[in-house]
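Below: the structure, in structure tokens.
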Amino acid sequence: MKSTTVLFTDVSSQTWINETLLNNETHPEFSSEPGWFIQKQQLHGGTSEGVDLITVSNGALTLSIVPTRGMGVWKGDFQGTPLGWQSPVKSPVNPAYVNLSERGGLGWLSGFNELICRCGLISNGPPGKDPSGNPLESDLTLHGRIANTPAHYVSATLDPADGGWIRITGKVEEGMLFGSQLQLESTLETQLGSNKFRIRDRVTNPGAENVESELLYHINVGTPFLEEGANFAMPFAEMAPRDPRAAEGVNEFRTYLGPTSGYAEQAYYFEPVADENGFSPALLTDREGGMGFLVEFRRSTLPCFTLWKNTQSEERGYVTGLEPGINFPNFRADERERGRLKNLDPGDSYETEIEVSILNNSDSVDAVRQKITKLTEQAPSVIHSAPHSRFS
Amino acid sequence: MKSTTVLFTDVSSQTWINETLLNNETHPEFSSEPGWFIQKQQLHGGTSEGVDLITVSNGALTLSIVPTRGMGVWKGDFQGTPLGWQSPVKSPVNPAYVNLSERGGLGWLSGFNELICRCGLISNGPPGKDPSGNPLESDLTLHGRIANTPAHYVSATLDPADGGWIRITGKVEEGMLFGSQLQLESTLETQLGSNKFRIRDRVTNPGAENVESELLYHINVGTPFLEEGANFAMPFAEMAPRDPRAAEGVNEFRTYLGPTSGYAEQAYYFEPVADENGFSPALLTDREGGMGFLVEFRRSTLPCFTLWKNTQSEERGYVTGLEPGINFPNFRADERERGRLKNLDPGDSYETEIEVSILNNSDSVDAVRQKITKLTEQAPSVIHSAPHSRFS
Amino acid sequence: MKSTTVLFTDVSSQTWINETLLNNETHPEFSSEPGWFIQKQQLHGGTSEGVDLITVSNGALTLSIVPTRGMGVWKGDFQGTPLGWQSPVKSPVNPAYVNLSERGGLGWLSGFNELICRCGLISNGPPGKDPSGNPLESDLTLHGRIANTPAHYVSATLDPADGGWIRITGKVEEGMLFGSQLQLESTLETQLGSNKFRIRDRVTNPGAENVESELLYHINVGTPFLEEGANFAMPFAEMAPRDPRAAEGVNEFRTYLGPTSGYAEQAYYFEPVADENGFSPALLTDREGGMGFLVEFRRSTLPCFTLWKNTQSEERGYVTGLEPGINFPNFRADERERGRLKNLDPGDSYETEIEVSILNNSDSVDAVRQKITKLTEQAPSVIHSAPHSRFS
């Protein structure tokens, strides 16, 4: 049995499928079991006009991928449990309606509502003027451009190996004359019937000069995982609050408030510890410990982890971010100083890997907790009570 | 007999009708009389690419509503008489091609050509930095965002009551993480065969914190109503010119010049007086008094009225604005100081109502004039010859 | 025999043909010979989403015209030889995804990949604040707006005269309330089987006040014409390097380096000399002189010529620009000082004409070289070794 690949979008060959549905009826040779599907469609109306959407279901887990927004994952569903959060921005926003430069460089927020959204590739973190970079790229806007850059290539692969894998691949490019050039090739894959999905990204410098890169995965989770008394756990060597506001809550960083009117965001920076396979687990569990949202990431290329707590009122966006990155979301000049920018020579690339698992019973939650506890026992687990210059 | 509602656009349910025509043949149960119709289409080409347009005719009066531009009314026609003006911008502009921040914050002008266009919801008036607002919203651009925000919900209702009403409803949202949230629900309605249409808007704060709102209806009329010797009339308690330029013409504010090369705009601010039903009439008539463009607005929620005189040459846009608002189009910080911002607590809303009538004979013009004269006789009618701090 | 015109796009009459193909089968009365065609299509995916593309072939020469990008010519092909260059930006970019104001006013570069792209109509040259212009237009961005303004009218004409001419006409407008108004009407024409095409543009001021205009044709050529040892030739009265960087290479301005990592662009400003028909030839030839890219332009309306040498590495965009203009691409205020802005009174217009020929054998190359040599012998050919105040 061999894989089947369906090319949805390829600008270079002018390939384009506007709408299609792949499932057990169209591709019984992949799997004749009902339930799985890949649906491609184009959204219409409001600021979603023209947004390309790919909905993938492995039969148990459903994910909405947005090629128009840099292959981000808008939202998901696992056996009826919603994955994602309720942003004030309700549906995927076409970047044609986003002005990253406006609002003091915070225009990115006007399109932000994803479960997973990349921040990069040239920079992430707050807006500002970075005098050291390419003059074309010195006016940094919040979290960079990749989440507002449409993919020029999108395909789906049905691989019958191991009971069946679905893979969605997208390619997104940054660059122009006189600018840094960076290419993202992203694959999201999930096995039929699984409670997991994996993202494998490769970022390449196709240019002729060295370029700097930043990349962070803004993985955003709300209810029902997040609630009053919800819990965060991960093994780490060292942690520091990002700023004085985060320092206020450093003793309670592991637990969450319920929706809190007037709450101001808090961020914690971690140096994660990895398991024997090189993966670091970060786990969000509900109060009872009956369900969990687990992010495991390959620490070698994602050595930084940011915990973003934003337990505002539901209406304003009750959410927490589990954010592995090659860097922390400080201003790029500060990250450069701390040696955390990725420098890519011509032709060079780096790869990242993240696996997300949805745990829907206390046994599976407990098993991950025990693993984290064990890793934690072997780890330094240094907690700085105030911002530390190594981190921010 | 009951109403029929056709849903054209609803992003949340992924409903979308690209093109359709409703008329006496498709909906004879509403009215079998020929003449009325609702046509939905999508424009193509130029900066109109992708603009959604709804043309409504009650058999006598035709209006073009633009969901893509915040449910504005592009232009109209009453029995062969054009309603609107000749902007240098000829067709409806997709906001994807408008950069509100450019041109020193005056980018809004690059899409401005409507008969009726809303200015708001967070601010209107000139661009600038308002230090008191939300930092995300302190870089104010001319007249705010609502006219450049596509509606995410659009429907048409055919209500057979009273001989037949056509209603077009749209919903438009402003807001994002960390930003003010405001929702507009707008209904335009017209009775079959009538010379009138009505706009009823509700602005709601769906968020969890108090927000400020501004809203002004930029109702713009050119020839044949506007011409040399055309006349403006409304009953008012007090009026002041906006600035020294307007003060130059304060004695002639009721009459209009013909197209005048080099003319610089003049604006007059009114505290309107209402009739026994709570509505204030503002009337523009041609020189002979044979035709009139009448705007009546509910004064309780629209306590401010701005008369905009812009009798430039035809090529540059010969036009006057009859502009009811919850505020005057001063810089937002100045309006805040004068207590004219609408403060909405979570869940709160306000409603506005405007009726526009096209008068096509001297009898109907005279009747309105007499009504205005009568209301004027009972009103203070204070005219400041120079700008007054209560107003600007 | 008479001409046939097919209207593809006309926003004012809501005419739109999404996709079509004209060729010897659909229009045998024009020419029954196979090979020629006009294909209209709309691109999808990436930042090319919604871009309108017209591909024209005269049977030997093929050109891709982009109405969405101001009637620019993306690329071409002559009997298998590619015309254009390899920009880091691979496909035509919808201006909805271009923010001209960002990147310090250099956002234009994010869509720049054309063989021929106009710079204007209100300004070209570097970004900056020009205090003397209309306040709406004083924040100048690189090379102006016309290349990022979609055409509102596009048609194709099949004219059987002289063996058959294909003409593509487009209209593009700049302007808004309170702004300068300028209209471009552009015609590209080519004869069946020819190695040439011609562009005839008319720029008109439809407004009621005098406006300033700048216009430059950024004609960009890469391999195989451009290579190490490639040669540039044109007859001229006077030439000066733009800046000290260009002065470094003034003695070698006629020859090109191969792709050179770290190369910084050089620009030379020429006062061209015309032939007896009023046309100035500018010729790029490969090292061996076996092929040439010839630009001939009517000097009376295009009195300025800029040679842009940008022999960076292939990956960053190895390219040279042969750029006739009504002005040099200095900052607009400097060009105003030097009297090179075009002032248009209401209703006035100017016309430009450019012919591009692809020479594919040494005989045709030699013939043009001899013509240039002869014109050069009669010309002053003054070369300034340093920037000169007459030019920059």
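First chain written, first letter: the chains are A, B and C, and each begins at residue 1.
The rule is simple: a contact is a pair of C-beta atoms (placed from the backbone, for glycine too) under 8 Å apart; a residue touches a chain by one contact, two chains touch by 3 or more.
Everything quoted here is computed from the prediction, not taken from an experiment.
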| item | value |
| --- | --- |
| Cα superposition angle of chain A on its copy chain B, in degrees to the nearest 5 | 120 |
| Shared interface numbering between chain C and chain B [over half = same, under half = different] | different |
| Mean-CA-position distance for chain C and chain B (Å) | 42 |
| Per-residue multi-chain contacts in chain C, two or more chains | 50, 96, 99, 101 |
| Sites on chain A touched by chain C in the complex | 9-12, 14-16, 18, 50, 52, 67-68, 95-96, 99-101, 135-139, 141, 149-154, 173, 175-179, 181, 206-209, 346 |
| Touching residues on chain A, where the partner in the complex is chain B | 41, 43-50, 87-91, 94, 96-97, 99, 101-104, 106, 109-112, 261-262, 310, 312-317 |
